[in-house]
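The letters A, B, C, D and E name the chains in turn, as written, and every chain counts its residues from 1.
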Amino acid sequence: MHLEVCHLFKQFKTRQGTLVALKDINLHVETGEFICAVGASGSGKSTLLRLVAGLDMPTAGEIRVDDVPVTGPGPDRGMVFQSYTLYPWMNVANNVGFGLKLRGMAARDRHQQVNYYLDVVGLSHCAQCFPKELSGGMKQRVAIARALASQPQILLMDEPFGALDVQTKETLQQFLLQVWRRTGTTILMITHDVEEAVFLSGRIYVLTSQPGSIKQELSIDLPGERDYQIRRHPRFQNYKDEIVTLLRQEALPILA
Amino acid sequence: SPPTTPTTPTPTPTTSTSVRIGFSAWPGWFPWQVAEEAKIFAANQVAVDLKWFDGYLDSINALTVGQLDGNSQTLNDTLSSVAAGSDQVIVLVNDNSTGNDQIIVRQGINAIADLKGKKVAAEEGTVDHFLLLLGLQKAGLAQKDIEFKPLETGAAAAAFAAGQVDAVGVFAPFTTKALERSGSKVLFSSKDFPGAISDHLAVSRKFLQAHPQEVQAMVNSWFATLDFIQKNQPQALEIMAKRAGVTVAEYKDYDAGTHIFSVAENLKAFEPGQDMTALPFAAKQISQFLVSSGLIKQAPDLSNLFDPQFVKAYAAAHPS
Amino acid sequence: MDSPLSNFQVSAPDPRKMLSPTIFWRIADPIPRALAWILMTLSIVLPFSLWWLIASSGVVAPLFLPSPGQVGGALQRLWSNGSLLKDSTASLMRVLCGFSLAALISIPLGILMGTFTSVRSLAEPLIGIVRYMPAPAFIPLLILYFGLGETPKILLISIGTLFFNTLMVMDAVKFVPKELIETTYTLGGRRRQVLLQVITPYVLPNIIDACRVNMAASWNLVIVSELVAATEGLGRRISVAQRFLRTDEIFAGLITIGLIGLMLDLLFRLLSRVACRWAVE
Amino acid sequence: MDSPLSNFQVSAPDPRKMLSPTIFWRIADPIPRALAWILMTLSIVLPFSLWWLIASSGVVAPLFLPSPGQVGGALQRLWSNGSLLKDSTASLMRVLCGFSLAALISIPLGILMGTFTSVRSLAEPLIGIVRYMPAPAFIPLLILYFGLGETPKILLISIGTLFFNTLMVMDAVKFVPKELIETTYTLGGRRRQVLLQVITPYVLPNIIDACRVNMAASWNLVIVSELVAATEGLGRRISVAQRFLRTDEIFAGLITIGLIGLMLDLLFRLLSRVACRWAVE
Amino acid sequence: MHLEVCHLFKQFKTRQGTLVALKDINLHVETGEFICAVGASGSGKSTLLRLVAGLDMPTAGEIRVDDVPVTGPGPDRGMVFQSYTLYPWMNVANNVGFGLKLRGMAARDRHQQVNYYLDVVGLSHCAQCFPKELSGGMKQRVAIARALASQPQILLMDEPFGALDVQTKETLQQFLLQVWRRTGTTILMITHDVEEAVFLSGRIYVLTSQPGSIKQELSIDLPGERDYQIRRHPRFQNYKDEIVTLLRQEALPILA
């Protein structure tokens, strides 16, 4: 798998005129990587991810997955939104298996695969629950299992933990790392939480605000296992500070 | 000779209450429109609030519930209302239907007996329903022998014209619409049952007791209007045709089908008698019919239904 | 730091000036169940008593306002001679058929209009004009084309509910989260699958609710529709009763319709609860 | 870590199997403005052409389906003798009065029912039964109590819209965020102030929308209401035309009502946009 | 000002039976203090704050403000919710002045006070904007100004920054400290973000989960000005770790 974004531009027509959301974005993701893009609110993170997912079309530039240009959404690029977006009328198992059903897999074959991914996210005991019976963290785990069950080439995540409380968020971050290691999925995630980005990813793209463009690319090199303790590691703190300083220059207008 | 402006020499005090009179689409009642437009009510010193009803049914209801003081309606509707508990008095005969109520059939139906098993539309409980049943009875049939389709009169005519029923019972001016169906013809009409369908001015007893002068003035106006129409045919016809929503030529066709009653005919109709031309006899017959057909549960009290005093007073004042 | 607050005229609020507790006037808060039941009973009992009082006071003639006793009598009479059941069944069937037909058209149409801006553009202007046209005006045309049987009656009821229901279903589709649809795309869903397997089940509770509401609109046409050559039906019963001023039967007919309506309403609520257990209330 | 994924039968999805782009079948996405305008024009032009085609083909007798030309002629005739304007004004006034009366009752009642569970418990069971009762059935009672003037006609239209509108306004109140109400309490607001200064303005856009929708329901009663001793009005024009099978005038009346309705609809939308600029669309 | 919560219990009747949300809560807040209560999701934080605000009634126990028992909501206890809760049909100035209007202050007098608080929150230039034109951070500043304009004895805040992105959140935290110092308002805030609690407050109550009760009370003693740098201070980190460890014991069931 090889995702490449080349000279990507995206403009929106609004009542106030044309808004340049993304300007000359270049990035790439390789098989098995865990990449984060961080940026302030309104820097075009979601727009970028939507373009990669094929949910929207770029104004200029190209996105290629294994050298095939992206022309629309497809199951090779799974997506997890912040807002969970489970199908409320399906139980957890059916939610997880829905992608397979859409592509015509027989119920019996689905069953096996669904169970595997329910096990991966630790929700086997909730297979029959409806989404409304789950907490936010559980919902997001179902959404992740559902995306993984389709075996995408790359998993796109748009601030997946943004709506969770701090404790749940940290638990899920660790959980996501586990899943990543266990399944070997390639992940491109966007977030405004710098700590999250540093904690999770091997490489980070920092975006500028309005228009969004890539300000800097950093490789995160941390020693040992990534667990809770790593956050107190000076190198972790340094990475965080570096990115925060970069973003601070962008975030200032908020208080203007 | 009578004066050109129709007034009555009967000394009538100027009335203060305005009389609420209802009428609807029937050739025998369009003269009311003439009375208003030719200012004949004013000449008879009575203030009349003349109300036109698109739906005849509503005019009957309006009188019953006291929203009208008087209404032009058929005898069997008056009987139905009285049977339901409304206290009404018939003070004037407007007309008799002499052909304007018709049972119209499609091509291929030539006798009443042919109606057996056919679809026949009419407005339930109206005179045309009554007429239909009279006709059936004459041929030894009853309603159960046909497929009766209860429809509002206008809709019934339309349904027949559109070929949805085999026969229809309607009154003028809807007869014109029904006969537009090619091959259709009148099977029988009110002409075949003289006196069976008569139309009157009915007023509520409460109003009559409180305002006898106004009732008298109404009766006087009616006859004055008839005189006016006689003398100003073209003008009157135009007014009436416009009210009916038909052309003057079409309106003239209705003339034969409705016989407007003169003073003398009025006087005679109020007398007791042994055939349908006598109102008291007809009333008894019709109420029996209404009871036997299940439309009313109990025959109304007929003893106080007719009050000829106003017609008599007019006749006395106008010896011809 | 700069201007001390004491500069302002507002004296510090008196802590004693709290909002006093209340039971009856609670805003957006449930009231005790017992009170709710009492009030709901009152809701029926109060108007009934008022009616009974006025009727028995004799202020209004019984011809105009029959007493509850008289109406009860009429109900019993109509029941024992079988016509109440026959009329109710006839009207109910008509309304159900007419409404089902309307639902059969309006639900898919509404979903399509809500889903595709193109379909919406194509249908909305026409519906916007037609829905203002009074259904009773279509009676002559219906008679002309469909005769005097059940068809025109059922169609009339359909026409009267069709457009409302379509627009309500269409509005419901607007609330399907866009991200749910997009998630489906990224799971490999085609547009057709999104329409049938995502949007349609999502709006099911709203559809049931729209149907519940519009069922009442159907009943509003039962009188007018049964003017078309009906020989039985509650609407016809009422119009004949009007004709012969049987006020007690008018009331009996109205009450029967009201109760049937209430039952249908409860059935729809039940259906919604059973079929949409998954829905967050 | 344990079970390798290659165990499963699903071959890795083919990246080429992407959802193909589309313009017409876009789900929950706007379509180009030009296309929208074309479709909206088609929405009117298409049925009109179809009508014109069928009418001029002679398949259907003009009695059943007048040609657009005949209807245009009827419109022109009615316009030039002034009756179209007179009828439209009369009906419009009736509908507006009737609807305003219904709004005057239903808006406060709906807000109260939405706000206080107690008021809701008190009113809902009764409304639940009464709203199923067909408005036309009330005609004899209305004549009885209010005579033959404008009052019963206006009241009939009111009755037909009242309950629907009340329930829609009530539903709108449910969407007022509870925390907005509670914030008002903590700012020192009394319940009365919450009702008048918070809940009422908050639901204003929904109220306007409910009124817009229910205005159409009012027009549905214009024919029935004008059966009550009306001398002018579009409904009366249509019923007279029905009796005499003047299909061209029926169509003319229907089209006039449709266009007036469309204009009212647009006016309400404009009102909503002007009065509720603050609302998030 | 002296807020005292004594032996507070709160139970809810649910379909599954009685749920004890709060169990024997005791706490106090003195004039000018900035107090945070932290707890995992579902630990009853919001319930506690609602009881103090008088928006709900306790099952047992008492809440007193200056020795007057709380029987209902009142303007002496201002409230800021996570969801902004601005009046969408009023412009910013009218939103801020609404509390004063409710209590009958004349428009002219209101004007002066509204301007002062708009200045405090740095939104004077937005006085005429409608809420829908504001970003999340700006909305929350308006909500704070509105609560302050009523000059409450104590300001109650329920996760006020929970819906904001990390950058905006940090900016607003600093801003809130500024406002607190400038106006001298007493603040009781609840949050699940431990870092936020340590950064802002002088004293912290840590709540247990289900039922919520007070697990520990900590005084936060940090040197110098509280600004961005303080987060890297070892004592800050220690406080944070201590609380996180306390919460971790509570948060565990989430992954169960």
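To be clear about the criterion, a contact is a pair of C-beta atoms (placed from the backbone, for glycine too) under 8 Å apart; a residue touches a chain by one contact, two chains touch by 3 or more.
In UniProt terms the chains read A, E = Nitrate ABC transporter ATP-binding protein; C, D = ABC transporter permease.
Predicted, not measured: the structure shown is a model, and the values here were computed from it.
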Would you mind checking the shortest number of contact hops between subunit A and subunit C (ABC transporter permease)? 1
Using the touch definition from the top, how many steps at minimum link subunit B to subunit E? 2
Angle (degrees, nearest 5) of the CA superposition of subunit A onto subunit E: 180
If you tally C-beta contacts per chain pair, the winner is C-D
How would you label the subunit C (ABC transporter permease) and subunit D (ABC transporter permease) contact, same or different, if same means the shared numbers make up over half of all numbers there? same
Distance between subunit C (ABC transporter permease) and subunit E based on Cα centroids, please, to the nearest Å. 44
So which stretches of subunit B touch two or more other chains? 61, 65, 155, 158, 162
What parts of subunit E, by residue number, touch at least two of the other chains? 54, 72-75, 103, 150, 152
Which positions in subunit D (ABC transporter permease) are in touch with at least two other chains? 13, 17, 19, 63-64, 139-140, 144, 185, 188, 190, 242, 245
Pairwise chain contacts under the document criterion: A-C, A-D, A-E, B-C, B-D, C-D, C-E, D-E
Which of the residues in subunit E come into contact with subunit D (ABC transporter permease) in the complex? 50, 53-55, 72-75, 77-79, 81, 83, 85, 87-90, 98-99, 102-103, 130-132, 143, 146-147, 150, 152, 156
If we count contacts the way the header does, which residues on subunit A are in touch with subunit D (ABC transporter permease) in the complex? 54, 57, 65-66, 68, 70-76, 100, 103, 105, 109, 112-113, 116, 150-153, 181-184
Give the list of subunit A residues in touch with subunit E in this complex. 40-42, 122, 135-137, 162, 165-168, 171, 175, 192-195, 232, 237, 241, 247-248, 250-251, 254-255
As the complex stands, subunit D (ABC transporter permease) meets subunit B at residues 63-64, 139-140, 143-144, 147-148, 226-231, 236, 239-240, 242-245
For the subunit B and subunit C (ABC transporter permease) complex, residues of the former touching the latter: 57, 61, 64-65, 80-81, 83-86, 119, 121, 124-125, 148-152, 155, 158-159, 162, 164-165, 295-296
